[in-house]
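Both complexes shown next keep chain A, but they swap its partner, so chain B is in the first and chain C is in the second.
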Partner chain A sequence: MVEKAAKPAGERQGAQIEQYLSAFRSFERGLNGESASPIHAVRKEAIAHFASTGFPTTHDEEWRFTDVQPIARAPYAAGTPGTVSAADIARWTFAGLDANRLVFVDGEFSERFSTVRSVPSGGAIMSLARALTSGDAAALRHTARHARYDQDAFTALNTGFLRDGAFVHIPDGVSWDEPIYVLYLATGRTVPFVAHPRNLFVAGRNSRCFVVERYAALAENSYFTNAVTEVVLAEGAVVEHDKVQEESLNAFHVGSAHVSMAAKSNYTSNSFAMGGAIVRNNITSVMEGQGVECTLNGLSLSTGRQHIDNHTTIDHATAHCNSHELYKSILDGSSRGVFNGKIFVRKDAQKTDAKQTNKTLLLSDLATIDTKPQLEIFADDVKCTHGATVGYLDAEAVFYLRSRGIGIELARDILTYAFASDVTGRVKIEPVRAALDRLILKQLHEGRRLEGL
Partner chain B sequence: MLEIKNLHASVNGNEILTGVHLKVNAGEVHAIMGPNGSGKSTLAQVLAGREAYEVTAGEVRYNGKDLLEMSPEDRAREGIFLAFQYPVEIPGVSNTYFLKAALNSVRKYRGLAELDAVDFLAMVKQKMGILEMDKTLLSRPVNEGFSGGEKKRNEIFQMAVLDPKLAILDETDSGLDIDALRIVADGVNKLRTKENAVVVVTHYQRLLNYIVPDVVHVLVEGRIVKSGPKELALELEERGYDWLKEEEQVKA
Partner chain C sequence: MTKENDSIEQLTNQEYKWGFVTDIEADSAPRGLSEDTVRLISSKKQEPAWMLAWRLKAFAHWKTMTEPTWPNVHYPKIDYQDAIYYSAPKQKISLNSLDEVDPELRRTYEKLGISLEEQKRLSGVAVDAVFDSVSVATTFKKNLSELGIIFCSFSEAVREHPELIRQYLGSVVPQTDNFFAALNSAVFSDGSFCYIPKGVRCPMELSTYFRINAAETGQFERTLIVADEGSYVSYLEGCTAPMRDKNQLHAAVVELVALANAQIKYSTVQNWYPGDKEGKGGIYNFVTKRGICSGANSKISWTQVETGSAITWKYPGVILKGDNSVGEFYSVAVTNNRQQADTGTKMIHIGKNTKSTIVSKGISGGHGNNSYRGLVQIQKGATNARNFSQCDSLLLGDTCGAHTFPYIEVKNTSSKVEHEASTSKIGEDQIFYCKQRGLSSEDAVNMIVNGFCKEVFRELPMEFAVEAQKLLGISLEGSVG
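Our next item is the complex of A and B:
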């Protein structure tokens, strides 16, 4: 069945698709008894879907500005994960962050470096593979129920290879204020590989939690991370979900988050993209009940020939929901940025209040951004605003700083940092916020002189 | 201290300054008055090094050095301070950080050690007292959300912290009510010494009741057409600028 469905796309991308189908066959063989499970039926459907569509091209509206051919045609090999040391893990742990930690090395769960000291009673903080094999009810109920694999080739591919990732379940009524840290660390393994991290965060009724998802690399090697994260908020749940992407500059990263929000829930995403050669972030958030608050913040920093694409969708499917969106990009070198922000306000979504802001700072004449706010409003009693600005550093402000004795380089760095801090300042977890500040300072060459800003 | 000879400057091909001559000695206060569009602010900005203006002729010596050759930051480090007519808002940068970065840049250039946090704060608080400023302004972003009066006061506060040799106040009185005007003027007077000089650019005589000039210059169509003692300011207040414009035309 898989082979049959592959034909149409196969004409275009035969070898590229076959690489994944063949990897899927060996993946299936390694599953042993698990291949009879309901999850496996989903995997097979998903991979069949991928085989029939292949990778998107720039003719697809959703991928107009991002050419994924370099990702599609790169050869990858299976293999065992590289090695990491405790010092490596310490280096990639946010200083001062006292957190339960799930660590994945080259995409594989690392029992050794993961530390889960405390788990909410009736809930879980563990690897998704373990949750699924042990029959965890929340994991079985929600896995692959929110991320639609029939609408996106990369989600289909991830679902086909769905096996492991981070699983967090906070039961009803529990405020779990100790952040949960999920680290995906790529070693300097020389053979390029693909990882398909699959995360599931389930927040019960009136619960609260903080999750930090980080992708980092020990070396500038090439590999492909194709992550999918499903976030489920029950009624009244509050979730802050931070994502820090610092992949190798030769890596590809496609990360899709699918957020389902029940009535009166409150979801905040703070997404930071700094690494990667070609990066695509998708966030799709759907308001399933009334009174939802959804906040999407994002910051991209790119240089050289990096390409960072942020696609967000906020679906106001019900009435009386608010959304706030702030995405900023800082582009240097000949890097390229893409922002596409969709806001759907459905027919019944009266009293919607949606605000979207997208700001881009160009530090170089060679950097470019394609920005596209996309509001589709079908209700009549709503408040929706959007604004996009693209510009260089304000010459007036640079002169003002210089006229006080501050050198031109430092003046530019101060203003760039200030542009970024508008987003980093929204992260509630202090050690993460401080680390982000340091990361941004590191990218600004006079960074060390900016400490204490 | 400052010697301007035959200064010509233009912006986007329009000549704004058409031959300014001016000499300012240490310890003096000079007022530059003139009608709208006469080039007062341009002169102030050119002295501070604003790149939008092109100097097409003339020279400016500052303490024996060629001022026009220096970058804006080096002019500041050499002791020139421009109080902006329209202070710039800088979201995301606190006043404290901004002042510290500026002061330490200046100190470093002058071969002085950077001030530590404790000494810096003590100094800053003392200077804030002079300007009767609210201490909460320190932690706020530079000029963001400040009222017109707060912005102008903040300019003079920066001047107090940086301790310049030559301060150029560009329409510092505009947008100030009478109480704020008095506080700002008192601040400037407290900072005056025999070693430093002040150039006050203003449209109205009002500020000069508080910061009393040694010389008043009138700038018309890009050049100084008349200089005189402080009483000249009162005469201008009474008679306006038209008579000077007419005199210019007769001369031409």
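Our next item is the complex of A and C:
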């Protein structure tokens, strides 16, 4: 609740906004006649909105703990994507994951490395750009209809540059159990660039699918990923949506997911954040029909000077919906973590059951956590709880392990690993779960020894 | 259900029991706020030059500030130029005994159930009764002064103990702290001052009753309590206000200073006029309360029962600066009809081994909106700091709202912070169980709500606990179905 001296955001941001506006003008020129399409009207509206608000500052309640000035200040240019080899792609594919794959290199769709072997009949697994140009009904109906660009500057920016990303459409009644893997790979290009990936996942009535989004980098260079994902669940649809973020440690990542859930649908999000210098994840899920189950799990691991911010919003707009949320962070070095979990229970959303848990493990005295669980409740017949804890490893548990002859370093690692596996264990896709386990072990001092156990 | 709903109707429609106006000639300042108003208040109070300079500094800063908009409350814009900033009841200058107190005033106290005589004789509570900003009578002063305890009105303290005032005034809540604190610093009319010397345990509960009386007067109270090393004091603050149509602004500042090994317990029962069923009238209660545990092993404990006011905006906080110091916050906030409350606490852990406990119970009924907003900050040097927070909300109806905005900021690994919150309504099975045992639904609800608040009421001194339960009954009883 500390107020900082006011600074004229608009004035200072003039050049920063202009950088994106001129990029938009050249983007517009490259569209070749598409500029008359209804989608382009949305783009123009979104960019105008961005131009009027600029980047958020720490004076905005939503961005109090995350200063995006480094992102706003950095010069970014669009350009041709760098090159990757098949070996690079193989390195960033989950071992054992036999899946349809959509690959994007430096934000551009890579036809060469994407493999789509089978598609549900009547559905689609393809690049969003192709879906839009080929006039896919589901893509046209849902694109830019769910993510509100008038409420967030980064979503506005993404919508302004909306062009490509992953598009998945599972038709009514289809259980598509083969996971769909979407990989965003940044090459070691020296020119800083910005990518605005735009994903759309549409699950039809009583359908089921698994989607894995992964953001990774080949080198520790600086770039900016500003992703927006829209997920639409029709009545009775079941979606598991995993996101693994391993950007370069010098990169900025802002990822927003907007989930719209119809009656009796079931959505699970597992979000893992490990990379990035400044990272912001937004998940906004809106329950539009009764009987919805929404589960949001998250784990962030940070060290050095990383800053990882998780914002989640669960909007209980209708009655008889349940939500479960578990977010954990492990902070080491002088990293900074932020968690803000909002739960809204609208008037008449009776019989809501919402449970939120946020746990933070501080491994270093230089690390900082700012957590703000938030409940706003306007209905009376509801059960809402939230709990937040911040602390260090339980001294007694460490002692117990040491008394069994385990060294202090390893004892700490075992406990840290256990803390994290509570979240990783919730991932249903086995190869992804195993890969996450390895990733966490890699971050621990004595992880190598633990791996053998 | 219908029967229960009837009793809800009945009880939520209950009139404000303590609404009455005392007709006393008031000596008021002209409407409006300017440097002249500040000078006028200062001269009326015959203050020394340093006090005036302090006020003017606050006023100069206030002019540069804007009213905060972040609280989760909504009200029409306040015109600060359309209020009277000073009003004192006309009466004789000095009083030797209670008999000299204006009989009209005395009757007001009797209606409120705080007859000075009775209190003096029976309860052993020293009362510094503040009637519209000016202290009219102080009891038990002699008993206290024998122990070296200073308990007097703020203006008297400025005259008699300038060294203490100059040392501590604004040391916890600076003039520039926030919009309402700056306003208060510029125009505060009176309040209480209390100093407990080294090693003294104050033998009785100190108490001030506040009343807003003259129409359309903002009330700007200033309370300063200093507990010197190893001392102990328990302070009670309670308020009721008469019925008014126009919203009245109340922006008080309370500062507590606990030196090494000292302990301060501050309890509040707040029952300002909440406005009528449509939310018309009612007090705006924008209060800044803060304490500092400046010495090692000190302790400050806030207990509050907030049932009144149209809008409550207050965050009693503790700065835990001394090593091993302890901060506590126990709160029951009730909002009914159109009442809005945005309340909570701030616990700033600076010293080693500091501990804080937060227990907040929010109850909303009618169209009330109740927000808990709290900050727990563990600073780098606060090794082994510990915090436990619990905020529970009870919803009595489908038109009210309960919100929680807890902020937790931790910069230290050896510290442990826990936060729990829950929101629910009274279980139908609980009511059924009680009814099955022969209790009326009304009694059942009363019992359950009282049980819900027990953790907080337990912290109140005896006299207050009784009053608090009554108040809770009046504000809510039966507004559940």
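In this text, the second predicted complex is superposed on the first by the 440 of 453 C-alpha atoms of A that agree within 3 Å, B and C clash if a C-alpha of one lies under 4 Å from a C-alpha of the other, contacts with A are read in each partner's own complex, and residues count from 1 in each chain.
Going forward, a contact is a pair of C-beta atoms (placed from the backbone, for glycine too) under 8 Å apart; a residue touches a chain by one contact, two chains touch by 3 or more.
Predicted, not measured: the structure shown is a model, and the values here were computed from it.
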| item | value |
| --- | --- |
| Touched partner set for A:A139, first chain B, second chain C, both or neither | neither |
| Partner chain(s) touched by A:K347 [first = chain B, second = chain C, both, neither] | second |
| Partner chain(s) touched by A:G407 [first = chain B, second = chain C, both, neither] | first |
| Broader residue contact with chain A after superposition on the shared chain, chain B or chain C | C |
| First (chain B), second (chain C), both or neither touched by A:L102 | neither |
| Which of chain B and chain C A:A319 touches, first, second, both or neither | neither |
| Touched partner set for A:C209, first chain B, second chain C, both or neither | neither |
| Complex interface listing, chain B residues touching chain A | 48-52, 71-73, 75-77, 81-82, 84, 87-88, 90-94, 97-98, 100-103, 105-106, 109, 141, 158, 162 |
| Contact set on chain A toward chain C in their complex | 1, 61, 347-348, 350, 360, 362-365, 367-392 |
| Residue numbers on chain A that touch chain B, as the complex places them | 394-397, 399-408, 410-411, 414-415, 417-419, 421-422, 449, 452-453 |
| Contact set on chain C toward chain A in their complex | 70, 346, 375, 378, 380, 393, 395-425 |
